[in-house]
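Across the two complexes that follow, subunit A remains constant while its partner is subunit B and subsequently subunit C.
For the complex of A and B:
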């Protein structure tokens, strides 16, 4: 009697697909863009053919957001999103153009723009400039680039925070990412305030590169791999010194934990458990009784929590939600998991803009229905998309916790 | 992270148990490795449709005729009668509106035009008192142009046999034109995501114009993926009664049922961890102390009690290796013969023995591990075995009642 195949050949479980199409139900793109073949067809179904002949590759795979919602829904553990991204990386003939390179190098662009921030911010908001970028580069004219900060987070940290970190014996390494450094240092400052109040010192990496998510999405694989190698070296150094590595962006964390090994082939098994979102790190300390958080009784807000797709993939929204629930004056609603549609650089591209907004509509409607004071979410690009599309303010849970924190009482509770 | 109860498996069984506990104020979490078999739901919950190949009219009475290994017999008829009245109200509280009774089976229409017994049926669908006499003289079967997961010709043949005159129509509306460009992605669930207020208004106009001479309209179940708002809207706008018929999977009313139950559970304060897999457990003698999952390792998830609701083979609650049937998460003892030849019969239509395999549990539904009974774990749903849900038409009843039995005093 012949025995069925009992172990996998692939590393992405593609042979486990039973063609149930559950993934399609949860794909944000399928319902709005008929050019996209859908996760089942683009993923395991198409892979059968591509393994035989690479010219079965279909350029329409570029419409995949890499949100991984198909993977979260799959009952058979097929890494559908990875299969699609790998195909995109391995078989696509087009190379990244000027626009994609610009969008992908968030750290290089940010480094230049922060130096010229008043000028750059002003220029990027001018209608003729938006029109010109739309026509020449293909960056949609309806988009507004997030404002660049005049002073980078790292500059602030060196001048105003570095010295006081020496007081703490318990330390953690903060991967600030491009967004906090070049656009929104306040989030980094909030994290430092929160951690310091609990008696935890913050270290930065000596050399931090962009996590690489935008480079991977724009098929700049060599550049992504080079950056990832530097980050992994720094992460290993941090872990060796006894630190965990945390970030305030769920996407940076998902990329460094999962995309490095799955898409870039960089083994991170030795340090992967030490890479986590700031809310997971904090929740664990609170749960174990290692730190205490005391909140202002008069911080009263109605908050709607939106789960970013990559947070859903990590499975960690529960940490952010449980922390927000600790604030006594917060009335929290957890929104159904729906993609906001921007997917990092995807939504900035002219060819994707209308799909991006159509995808986001379900989320926008659900926020309007709750009508909260603040939308909480762990992803910066979700924040841009929601704030660009509907009149609600969006904050990272870390900023909300920092706002609500009674610093003096927290310091006292932690014997600082 | 610590909970009162952790339920492993997020389908109908796990959700029923979770809601029942969360309503009593217990801190409850569900860990679910992907979406559940509710995505393939017919739209009806079956309690008991057939015993020894004979159709059942009164499920409660027929329990006595089941084998002693059947979960209904093990729960006991008296206890079943205590639990059964709780089911429809629980579904209603979650927003799942149903019709039916546990004393007398009603009958539902299958996509191939057959009539099958059903216990509770979602209000989207037609149900009948008798399998022979349908309440219509003529119906209009309306499909969406280019939708390939619905077969009006089969449906019509089945209905004509029962004396119902059928007219077949095909229609489309502008809102669906975009989807019609993709041959692989024009599915029921995708259409449901596109059909909003405006589109349903237009669709209602089309139905009104084709169905002037019919008693009722039957159309594929393509409305209401996250709630039943669009179903109710269409019915209000169409002058004839509209009933939906199941399509090929995925099932729109099934996805909706999953979402409504899940949303209700979360509103009660429950934690639903989707896309996470329990890799193993840490045991201390006869107790399961912690479980470890793909997403939360190296930290454990802990609870006082655990419910194993991981389903049968299809959901990987049981796995057949070349040499043994195993429970893959904890290695609990399985009630199945060692000899592979006894797992199946070559006649594909006959009842397959493997369908009745399950975890070996004691009278209180505790599993055994290497012969040791694990006191703080209980099993529910199709992982129990002892019955053939396909042949007996008892899958939903087994899921719901075995979990209510564990969570109701």
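For the complex of A and C:
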């Protein structure tokens, strides 16, 4: 064999596909939607045709959830989900419509809605409004938008938490994301409480944009890239000051680590290792003995942990699970990995609602079987989907840890 | 039963098929006899390049002129077999830029449009081209699918009354008392049965095997078997044909063909007795890779699906060890005048590009001998699948499907089938939803398309099916599709032999092409394939 043959290793990732088709077996969409060709067909197989002529792009690719379960399943490391998203971005006809733009600009919409939150929340819950949105915009009438908060997380942080942070020398930068800022500041507050109790100060970025996942999913690539560039600049600044960057949303983290370089072509290799979920950050400190967590003995809960698809892609659900196990009064069941079906803005769209619920059914059934007090998961859209579909309450592991934490004892254990 | 024809044509390559069509269109009663399958020889083992003629402009004006004329005709009559990619002749720093001027002048003299463009413009038109190029000329090259082209000719011939026998080898000629050839003796290669067919004239269109066929008649056609090896890559890296602007040499054409691209060729004289068993050597693979990467550097990092070689049916003239300087010109021999053997014509030389013209020459000669007046119409009459009047209908059909389908467009396999069969794809039965299931996932061949091929395109085994549809030609080289297709063939009662033997020989034939490039992903694929067939399907041996 000559030297050339040794170096003839394909630079096209899709050619590493050996057609084993295990991706299609793991695809939650293929299982419920016969119109979707499945990840192998939509990804590596379809790519050969699209390289021949772009009109071989098939609109059925829009059924892809971008859950990345195909990539987790692939034994050859083919970035199937990325290939499909890329095709969607490059070849899909026409530009994103009003609905997709609205859904994609989570930060813009959130910024407006929080100012008018009582009115907006009320209006969005009215049946005639839902019906009208269904008919005019194509947002499924069965969906309820998560309530907007009257006071943003950043406002709270500036007024009530910022000063306190100066006391700590160990610091971490928190990427709160749109959900915490506009819908659910409590999760951010829980994280601050937890970290502060362990002697860790929280910094926010000077300028934080939406991670861009919803824009990517809705083909607003320029907007996604602009936001990503700002975030990367801020991440670099944080890392330069010695901080890691953490988030309570697994999807934001997956987007900033993997989608930025793979889909937006933004190199983040210099800082990628410093971007992680809050539970991974915490667990590693606990594991190294750098911090200690002390929990209330009377916090007794049956918890079922659901692995969000993007957490599975990161391979980091183990950190959330191990942290929850540290709480003495918790009886933890880890559910089999099944997609909840919502995939961010995907499940809000009328054409996807049916499939979204069909995909989620396995998960819903398995939750009902365990019948826990709380479902724990690291993804906000999984939370919406589960809460909209079955009568169970869903919390981020960080909130559960904060709830169960004996703050005084923890402070003492960490010599604060 | 004695069968009488006006013409018996030996050879089911592009030339034989084209001649059968031409003869049938002129009202002659035709039998075409092929010892294996259509396109089994050099027709199925070449570049699939729709030559503009530019390659021969400097060295062989006659061939160049023929090429550009036929190029324009094929774009018209064989639209569904042709892709107008355009071509570039690039000058690299190693090459002499002065050659470019001579090249362009020769092209223009031969009637080939040749525009000198800026290297930057060439990089923009074809991003995969070697960025170091110092000169580029744009010519009307394209891609042509020889399988489709031959099949379309066969279909039209049979529509006009021609009969076709595949897997029948001509073992001898029938002669009358005066020594005149009046028919052929054929052996059915599957049953072994021997039969005869009679005709006024026999046309030998056997390509390189025409040498042997002529010898059966006791005449000598001195063929020069020139082996040409090619590599097929896993996907298209270029969308324009890329040639080297220099005297024709090894591995200097990169052609995009359907979902893949091909680099070729080499040219070496081989002994005549080896032509049935061409193997690509490691040295050939090496030269194809290293020369190919000079045209498009990405080739060095692109998965190679397989290697194969064909034998050019050149007619020897002078002492040329490589065969490069032999004319690609057409040779049409009337053995009555040349050798005193009445009733036999040999049509050879030429190339895929000029198959139609070769057919026209042979048919003209046959008509003269038979006293038939009819004129050749093959230069104007579109092949089945390329009828222009059908274009509108096709659009309407699309609109109807658009209205009916939730997904507002044809599925990928329907688009692919349309590309393969042109307007004939309407005959594929799309009523049964189960027909939409894929047999070949890499090349998007559906159950419905396989059934269509079985019904209409003379399919008796997996190899036939591959040549008619691309089933098994994709990345996995038959791993997923061969079993499924074997099941369908057996279910439809279309497989003439034992299904398992057919499957085994198909897989072995795929492996033959993979083994010279058996490393990296191709080796992994082959290993996985063997696990599937041996481990899962329990097919040993």
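The criterion applied here is as follows: the second predicted complex is superposed on the first by the 404 of 416 C-alpha atoms of A that agree within 3 Å, B and C clash if a C-alpha of one lies under 4 Å from a C-alpha of the other, contacts with A are read in each partner's own complex, and residues count from 1 in each chain.
Keep in mind that, in the parts below, a contact is a pair of C-beta atoms (placed from the backbone, for glycine too) under 8 Å apart; a residue touches a chain by one contact, two chains touch by 3 or more.
Nothing here was measured: the structure is a model prediction, and the numbers come from that model.
In the superposition on chain A, contact of A:99 is made with neither subunit B nor subunit C. Looking at the shared chain after the overlay, A:310 reaches neither subunit B nor subunit C. Contacts of A:41 after superposition on the shared chain: both subunit B and subunit C are touched. Of the two partner chains placed by the overlay, neither subunit B nor subunit C lies in contact with A:209.
Contacts of A:51 after superposition: subunit C is touched, whereas subunit B is not reached.
Applying the stated contact rule after C-alpha superposition, one finds that A:257 touches neither subunit B nor subunit C. By the touch criterion stated above, A:20 is placed in contact with subunit B and with subunit C alike. Touch criterion met: A:12 reaches subunit C, while subunit B stays clear of it.
Touching of subunit A by both subunit B and subunit C, each in its own complex, is seen for residues 4, 6, 20-21, 35, 37, 40-41, 76. The touching residues of subunit A, counted against subunit C in their complex, run 1-2, 4-12, 14-21, 35, 37, 40-41, 44-49, 51-52, 55-56, 58-60, 76.
Residues of subunit A that touch subunit B in their complex: 3-4, 6, 20-22, 24-26, 30-31, 34-38, 40-41, 71-77, 273, 284, 287, 312-316, 318, 334, 336-337. The part of subunit C that touches subunit A in the complex is made up of residues 234-236, 239, 256, 258-260, 282, 285-286, 289-290, 298, 300-304, 406-409, 411-412, 415-416, 438, 441-442, 444, 474-476, 479-480, 519-521, 524-525, 528. Those residues of subunit B that touch subunit A in the complex are listed here as 1-2, 33-36, 39-40, 178-182, 184-185, 187, 189-190, 193-194, 225-226, 249-250, 255, 259, 263, 266, 271, 273-277, 293-299, 315-316, 321-322.
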